[in-house]
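As structure tokens, here come the structures.
Each of the next two complexes has chain A plus one other chain: chain B in the first, chain C in the second.
The block that comes next holds the complex of A and B.
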């Protein structure tokens, strides 16, 4: 195995910066191409609320002034890049005196907690089911039963969420329907609160895991079937190894590599949350925040969340690139192969 | 162990592949034996059922194929229909495989040492330093340097990989080794090295081997007896000298004629004619459509293997 060379590391980090730069530039450009004006929208919203707003034009003007929207685009862009580096996008448009970052941070732990558990669970369960489905020596009864566990895959996850709410929460009263925690508990590191949070997380978790694990399972099944026909797989069988060892060391170990890549690429989506699931369950995560800020045309909050997604995706790929030789020894950092 | 003892006996072995279009008869009542310390070559063109016979000896015919009849005896014990658990004990300990694809027979993400060790661990109590010693000695025996021990397969050349497979196959000193075209994916120079390694291993350990191949020239140098297969049937079996000096079966003659010569240019005749559909073989001899000497009797009665003396058998109406 080759050691990590400095040249490769620098190259990868430059790629990381470039990826993020292109991404954030797009989030800067897209709202400005849209042509709608967030300050006008905000004042219109105020008008709707109160019927009439005095000096509407002056308010719009002063907002534009304070957000720097009257400056030439390149000045705005340079200022924006400064925001990106400091990870502070200034005030929220919709909830003016609050900083955009302060709207996003409370939502982050909810989403990261829910989605990281959901993604990992869905990956592990999906890969296990898929591998067993693709393995030739899986007992026949198991091979018959396993595909039924993928029924939920064909249901859209938000529909499944609504279904869960109506049955489990409203009909059976087993679990709370919406929200991240009950009003009756004190947020903090105490047992009733933790228990309450976990109870609230079960249904959103189920609706994500049950509907997304099928994708991993089907992909993994195909990969596993491919490995089944590899010469080394046959040789492992001829060696008289135990079925468990063949399955794990010669089957999953090889078949999982492409699935792992896909998993790492999906990590960036964690921050964005599962918008529809969070919206259905009124879960206080970033997906819900993103949904609200799109409705409010709250650009700074949208930018905070999307840029966070960009950074995390790019970082996930960077880490994957650096760690991949550990799982696949055929990939080395060396430029030229010497034996 | 007396040299006459048969370590492998195959009796009337038939393997069919059950396809939607009917059963493909890939091996039809094959009879074969290997004596201790002997190499038997199994030759024939692509698709004639060589590998099917090898896989059925190993009890590894994969669906939709199935052994529909016959026996495979290892040291006298029939292993067809043996439960998986029992088979696992026999595999590698009694019955090892040198696989066909040298390039892909080793797991690319596991080190050589682990792949050699797990075969040993599965059947023996050798552990720790003794295990390491054993693997290093095996590598040394096939002429590989010690550093191969902790390398990955992609760091080795094709010939080195095949030698790792040979070292692995002899690790437990099995009663019989099935070598499925051990040299076919290699260039001629490396073929020579691998063939030499095999002969070396044979003379040192006295292993018995079934060597599958389609290269008559290579077979002539390596094996003690040759079995010629065509379309799932055995056509001729005999000691290698006898087969090359006096080939009886027209197909064997075609195969031997196909060995290229440096002295004269000759047309390749072995490709003339078409093989029948293996799903419904014609009555009579299976070689009738390609045989230059075909006559009426061949289209009616299937010839059986008949001894021509000197342990040399042929299945052809001319000699029945």
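The block that comes next holds the complex of A and C.
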């Protein structure tokens, strides 16, 4: 951790707090600016469903009482921030005795697994493709083939997922269409279960990786083209270093830094997109739980998942930020000057 | 020796001619033109469609149920693209849905762009603490998973119409343009003609609008087209989850109804595929425009063969 100075660390952690604070404040403030509150929204939805609800006003009033919605907004806000810090959102609206948090936790490993594998895989593949596209000495045949890998770039993840389900699962019957694992296997650390989980994860993974890697590839291509004309790059070629060494140590190593920043900035979009992918595949993660709680008008669970994903994304960005000095020599340099 | 010299001089005269041809009309970038044509055609489909087809058929119970497209056994020429389980005509839904989706994207991205120009140029031009605050907040908001926040908001606020939708989407449409414009203004500020204008005591606003904005045009346009497709992506995501305005037919709503009615399992390809194709065409169009504009703005991206 040569380049990790205390100032940098503090600054990044403050950014982490600020990001989470803005995110959770927006989810608190916007609905209230629109003049709606969860209980009224829920009773209205009940009315839509059943046509008529007896004593609707009393229900709203008693809910407001028990959830403290009659207090002034700033007290509600402070209490809400307390919930965020403690990750305690009270009970689920739809499945009352269960705490909202207990509904979300079983879904968490699925989402974290899918997200981390998908994001890293798509970044690595995308950067490799992009670097090869931007490198002057890439073989001609590879240059002509590579752009085809960008075909799916402009398709939203979940729509690509619908294609995959209809073709691979329903037409060809190669892979299971939905869910995280089959009913026939025992969850646990046994081989059939792990194999089954991996089989179920292929299509959700593919629908994220194939559609998102093109973005990284395009960005990396531009960065690599820039490096191509740098003096140190030309010198490395003139010295007769092996192409592999030039490509990795002089090319990717120098071009990748802005791509890493872009990766951190794109994490939020990835989390949002994967929510819809989980929903399409009925994958048992937080995205699918979120969809079900929208169906059930389960506001506490919606709030829990939303805020949790904001925290997770911010933490992912924080981790990337803290790793950044390890790969960027200039930040290391800065430190040796200041200390 | 003479032959070699004349040969190389011929090359010399030839190459610049070809290159200036490219430079003279950077806006004739193939990707940009192709993307623009695609978007124009989808727009025309939505604008001219109502002249040829009855758009009332886009609403519930206006047509027979579950008709396959006309070219399939059992289809009817009255409903060329078929109908779905709530008695809506697919062609009419597409004609109404495509411009609705485009409108939301354009409105949201334009608001984001306006805010971005304001904040980005302030940050880049004024510098100091305003720059620091704007940059910090922008960098924070850009990493928030916007779809999660949008879902939480949309779950509370019932969307009355597409304008409300566009306004809510605009909440997250500004950080991208802000970052871009800030960095552009920072580089432009050091250019000779901007300094010249500064020394000539030209008002700040005029420097920004007359000297800077025209020079950022390709970047601004790329940011706008990227923003539009981003907003449409968020919009269709919300609608597909059933959180959009329910009264207006939109591409996302068609997908939502199709998935909720298990169109995938029932093999009703004509129900879920057309809205997805329409969206893929729209996204591809904007994507081509964006990378085309990127190449116009940044000639290095046109590939090393042109630069060398």
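The criterion applied here is as follows: the second predicted complex is superposed on the first by the 265 of 339 C-alpha atoms of A that agree within 3 Å, B and C clash if a C-alpha of one lies under 4 Å from a C-alpha of the other, contacts with A are read in each partner's own complex, and residues count from 1 in each chain.
Basically, a contact is a pair of C-beta atoms (placed from the backbone, for glycine too) under 8 Å apart; a residue touches a chain by one contact, two chains touch by 3 or more.
Keep in mind the model is a prediction, meaning the values are calculated, not measured.
If you count the residues of chain A touched by chain B and by chain C, you find the higher number for C. Touch criterion not met for A:108: it reaches neither chain B nor chain C. In the superposition on chain A, A:99 makes contact with neither chain B nor chain C. After overlaying the two complexes on the shared chain, residue contacts for A:136 are found with chain B and with chain C alike. Of the two partner chains placed around the shared chain by superposition, chain C is the only one that A:226 touches, whereas chain B remains out of contact.
Shared-chain residue A:162: touches chain C; no touch with chain B. Using the contact criterion defined above for the overlaid structures, shared-chain residue A:236 touches chain B, although it does not reach chain C.
Contacts of A:9 after superposition on the shared chain: neither chain B nor chain C is touched.
Residue overlap on chain A between the chain B contacts of one complex and the chain C contacts of the other covers 136. Chain contact summary for the complex, chain A toward chain B: residues 1, 136, 230-232, 234-242, 245, 249-250, 253-254, 257, 327-330, 339.
Put simply, chain A touches chain C in their complex at residues 15, 18-19, 22-23, 26-27, 30-31, 34, 36-38, 41, 44, 136, 153-156, 158-159, 162-163, 165-166, 170, 218, 221-222, 225-226, 228-229, 264-265, 267-269, 271-273, 275-276, 279-280, 290-291, 294-295, 297, 299, 302-303, 305-306, 309-310, 313-314, 317.
Those residues of chain C that touch chain A in the shared complex are 136-137, 139-149, 151-153, 155-158, 168, 171, 229, 233-234, 236-237, 240-243, 255, 259, 264-265, 267, 269, 272, 276, 279-280, 283-284, 286-287, 291, 294, 298, 300-301, 303-304, 307. Contact residues of chain B toward chain A in the complex are 58, 60, 62-63, 87-93, 96-97, 99-101, 104-111, 118-119, 122-123, 152, 154-155, 165, 168.
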